[in-house]
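What follows is chain A paired twice: with chain B in the first complex and chain C in the second.
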Partner chain A sequence: MWRHRVDYLFISPFFILFLIFGLYPLLFGIQLSFSRWQPGKDMVFIGLDNYKTLLLTDPELKQALLNTIVMLLWILPTGLGGALVLAVMLNARKLVGRSFFRTLFFLPFVTSQVIVSFVFQSLLDKDYGWVNLLMGLVGIPPIPWLTQTFWAQISITLLLHWMGMGTNILIFLGALQAIDRELYEAAEIDGATATQQFFNVTFPMIRPVMLFMIITATIGLMNLYAPVVLLTNGGPGGTTLTLFMRMIQLMTSIRYGEGAGFGFIIGGIILLITLVQMKFLSSWWTVEGKLKQ
Partner chain B sequence: MATTISVQPKTKQLVTRKSWNIRRRLGYILLYIFLILLSVGFFFPFYQMAIGSLMPKEELFKLYPQLWPPGGPTLRAYLLLLHIEPPTNMAYLANFHILRYVGNSLLMATVAVLIQVFFNTMAGYVFAKRSFPFKNQLFSMILVTLLLPTAINFVPFFILIGRLGWMNTYLPFWIPGAATAFGIFLMRQFIVATIPDEIIDSATIDGASQFQILTRLVMPIMTGGMVVLAILSFVGVYNEFVMSSLILTNPDTRTVQVALANFLKSNIRAPNYDLLFAGSVMATIPLLVVFFVFQRQIMEGVMSGAIKG
Partner chain C sequence: MIHKSFNRRKFLKAAFLGTAATALAACAPQTVTVEVTRQVEKQVEVTKEVVKEVEKNVEVTKEVIKEVAVTAVPVELKGELTVWGHADHPLDNAGQAFMAKNPGVKFTFVGEDGWDKKVEAALAAGSGLPDMVWYEADATQVAARRGILLDVTEMVKKHESELVPSKLAEARYQGKYYGMPGDITPNNYWYRTDITEKAGAKDINPDIKYDEFLQLSKDVKAKTGASMYVMNSNFTGQGILPFLVPHYSLGGNVSDESGENIVIDNEIGQQAMNYAKQAWDLKAGLDADWFSPPYWGAIKEGKLGGTWSPPWMRGFFETEVTSPERGQGKWRNMLVPAYPGGKARCNVWGGATLCGFKTVKDPALVMAYMEYTFASIEGATVTGNWGIIPPYLPWLKGYFKLTKASLFEPTWDWTGQIVKALDQMRTDFYRLPAYGVMMGSLDKFGLPMLKGEKPIKDGMQEWGDYIRAENKKLLEAIK
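Our next item is the complex of A and B:
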């Protein structure tokens, strides 16, 4: 061991920092979630009371969870499906300007959620926004994007689409380019149409990446904060409140015990959903050993 | 390669091949139309931000939005923000120093990047090239921490930052994230792929210390990989909002993201979009520069992080 002291020294920062800023807060959080505590006062053990309050009497948890599921239902098919379709298009063999389109779709990656929120607020403005103006040209009446429950959720997902599409396209493109061309040539010789090729060659080969992205998108949506605070402020009527935002609300109103408990509930939900998704889609995961490493 | 792909299978008849070609050409035309329309849509928010910053507030709130300022573009919003033109009855603006906030963000992100790149490369090198007891177990432990949801210890982490006296400092963005699981993983991948064992062995035989090997041999060779990590963490820290909005509450230390968000909240009913857009443009310029200089590395980083992670 002593012989390798330099090696251990070189990797020690991660472990030291994890002990202080990862593990210690985790353990302190467990204690906190079973206690009533405010800075400067003694910590009082109250058993499961925080969890009882959160799970049984706090309507916000249910609301935030429901919002997340609804927004997830919007975002998964169009966000990931759309990105896949676009990646397939950009992967077309003779496409000129591939890197131009790829760069353009990816450009929002560098923008901040704060700034994007302002821009979308103005684009989606009911009276002065471009979106309603353009839709008015084809006869669609103005939509109260940010002020009506159903549309507010759509607005948030629109923003997320714009910000995340390029990244998703890029990841899918990477997966598509890893597929052996010979598979397509073989399928073509067998007379498979483009659609058949997509469902029988492309899709099975990118399933593991798809699964990874579904899980990432789910977790990302639960941790969503800036756009829901700035674009809709959780409203209208709490319909764009996310789990993370609710936790911050508890924290900033100095309900630390409940806040810590809420963190564990979010963590539990994320773990559960990840496991369910992996289980549910496990056939996807194992079918193709090729991309799995 | 292109020639082998375009060779048609011999079994196809001439007629079907011809009609297939026409169909394919039509398909490409539709594809271009679709992609171009979508590109316009994707670019439009940037245009809105830029042109909005050049329009007086009154023109931003016409009944119909304008593609181009009817009275010609004006730099008034920028002059107001930079205090070149004295702010008229906007008390908030007098205490709003956009350049300082952009500077704060740049400082916070740059130092974070330097620290992260150094410590992650150091650990990545050890995991890539050295062998020692429990190496694989320790590496797996690092990867397992990636599965921990951020929310799980957020509240106690925040309390810890307060107890350390780190409120309104940038230390919470520099120290806890100095070595990250993702960073170590990424650097290890790069080192495995780019640096052959032999040169490290020969340097060891020549009597170089591990620190010398790391700083004089490994780091110069894999600058490319370090740039990838640097850019990803730069973008991440520069745009960070959740923690900064809670920790950097003092007007002097806040970052441009926090400052702009507060600016919006200070007048939520009738936002000064012209000023907000001008501020947003100034905040986004450093990132756009980074993006266009390093776009290949950014894309590489995103792809390698996702597929292998």
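Our next item is the complex of A and C:
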């Protein structure tokens, strides 16, 4: 070890930062989830009480979990599906202004979430928003975008798609461009139509990327916070309250032990969902399965 | 200086009105009816009363100045003070004035959202706390129970008789004071006369009953398209006042004085929710989230003709309502409409307390600033000019009348209306930790009742049970 001391010195910044900002908070969080504590006071070990309180008596956990899963079911397929369709279109060799469209789709990603949310709030206001005003011109009655549960979820979905679509398109585009063109030429010689080429060449080749996107998007959506807070603040009546928002609520109510426990419950739920996804989509890790047939 | 100009201007105005009224009476043609003459005489009487009132007011302020001059202690203060609170703050204004008076003091105000989270981080770190923060009523009570606040009992006791009693209670825990009573926020009903005039009657009857008020709101909405109250679909922000106002007025509470027994679901709570539902069902309220762009847009475009409002909203309104086209100088305020069986024609919403931390380096300096800000004519004038209502009675009875407000009609005695509301404030209203739980869950439990998805009795019971459970957990956590 002494022989490699200089090597260790060079890699030490990462480990020092990891210990301070990664491992220490994690261990502190675990300890906190089994304790009652408030800043400036001693920590009191209370065993599983926080977890019992959360799982048995917290009325918001069930609601937040349900809301989050409903939003996940809305957002995940429409977001990834839409991004894939747009990426395939942008990948078309004959498309004029491909770089322009790529930049255009990526632009929302570099815009502040706060500003975007405020703009959406103004656009989607029931009485004064431009969306309803424009729809009114063609005789469509005003939609309560932010004040009725169903429409509030649609609004959140629209906002997230608007903000996240560009990144998803770029990743899919990278995967599409990595596919060997000879595969398409061979398919064409075999007489495959464009649709058949998509399902028998394109999709099998990008499945690992798709799986990666599903897992990371699921994790991201389970931790959904800022856009929802800014757009609906969990309303109307808590029907868009997410898991992460509830955790923050507990923390800001000085119920730190419960908040930490809630964080680990969210972690457990994400782990469970990820394992299920990996179990059912395990064949997607490789591109070989489909091509071998 | 200000005092002299006030006296002269007011006196001249009163004299002019009196002379004009008398001249009018004298020049009246012979066909003028006796009724008109009576009205003119009555006006002259009123003018005389105003003059008397102004003179009395001048005497009070003179007394106060004399008193301040006698009690002022010429001690040179030195040191540094840091205060955290929201941006654009009256405490910053007071700090600048305090520094000007005490050149040896360096005052820093940090105004940003999320300062309360920074307090928690500093508490955890064991350093970095400011000297003072601007805690809401329930947060003051939580912090006092946590034992993190500076005991300022001795200083507050000195001024106890000069401070508004209901506000004193909010800073008190187990007989000790843990903060300087700040903004007392006796809420009024505000309305725009140009909008009510369009609907057929400029003035609102000062003794208007709630059902009459609802009818008026309906009429104004039908005739002008403007709303006479805010009631947003999310039941948040200012939209919750249709519940909070009758709840306060009828004598309701979230918890009893101990903070442990939840009473929100009693008959008073149910009745208050019933009144809120009446306003909801009328569909005449402004449906815009508080402080959102559509909310300010509606105010500037004259879509809001009235609202229950705390005095501190004036500071925010005057930033936005900057021209007569936007309603500047067209508002009036009055006692809130009367609810059958109601005790108080006002309510309390917001209004914070100035708290110091027990870790402060120089408690004497902290208390000197607190005293200056809310227990001196100078400090109360500075903070009062911003828009909040300091609890210092000598200021409220004297200099408050001099506070300018561009929002209200120039001749309207808006401070008098606030003083009237002040007299209605309850001393049996408690904003303890449970109050924060109630405020955080009002939309979730209130909406199903307003929408008629749940009977009010059942909904209130369910809400009460929720607050009971959450309050218990909160009190346990901060033990």
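Throughout what follows, the second predicted complex is superposed on the first by the 280 of 293 C-alpha atoms of A that agree within 3 Å, B and C clash if a C-alpha of one lies under 4 Å from a C-alpha of the other, contacts with A are read in each partner's own complex, and residues count from 1 in each chain.
Throughout what follows, a contact is a pair of C-beta atoms (placed from the backbone, for glycine too) under 8 Å apart; a residue touches a chain by one contact, two chains touch by 3 or more.
In this text, all values refer to a predicted model and were calculated from it rather than measured experimentally.
When the two structures are aligned on the shared chain, A:Pro25 is found in touch with chain B, with no touch to chain C. In the overlay built on the shared chain, the residue A:Ser253 is in contact with chain C alone; chain B does not reach it. Of the two partner chains placed by the overlay, only chain C lies in contact with A:Gln38; chain B stays clear of it.
When the two complexes are overlaid on their common chain A, residue A:Pro236 makes contact with chain C while staying clear of chain B. Looking at the shared chain after the overlay, A:Thr193 reaches neither chain B nor chain C. Of the two partner chains placed by superposition, only chain B is touched by A:Arg93; chain C is not. Look at A:Pro59: by the touch rule set out above, it reaches chain C but stays clear of chain B. Judged by the touch definition given at the top, the superposed model places A:Gln113 against chain B, while chain C stays out of reach. Contact comparison for chain A: of chain B and chain C, B touches the greater number of residues. Residue overlap on chain A between the chain B contacts of one complex and the chain C contacts of the other covers 39, 118, 121-122, 127-129, 252, 256. Residues 1, 4, 6-8, 10-11, 13-15, 17-18, 20-22, 24-26, 28-29, 32, 39, 86, 89-90, 92-95, 101-123, 127-130, 133, 162, 165, 167, 170-171, 173-175, 178, 181, 188-189, 209, 212-213, 216, 219, 222-223, 225-226, 229-230, 243-244, 247-248, 250-252, 256, 259-260, 262-264, 266-267, 270-271, 291, 293 of chain A are the ones that touch chain B when the two sit in their complex. By the touch criterion given at the top, residues 5, 9, 28, 31, 34-35, 38-39, 42-46, 48-49, 52, 60-65, 119, 122-123, 125-127, 130, 132-133, 138, 142, 145, 148-160, 162, 175-176, 178-181, 184, 209-211, 214, 235, 238-239, 241-242, 246, 257, 260-261, 264, 271, 273, 276-277, 280, 283-284, 287-288, 290-291, 295, 298-299, 302-303, 306-309 of chain B touch chain A in their complex.
Here chain A touches chain C in the complex through residues 36, 38-41, 53, 57, 59, 118, 121-122, 125-129, 144, 146-148, 232-233, 235-238, 249, 252-258, going by the rule given at the top. Within the complex, the chain C residues that touch chain A are 116-117, 120-121, 123-124, 126, 142, 146, 148, 232-236, 287-289, 292-294, 297-298, 436, 440, 443-448, 466, 469, 473-474, 476-478.
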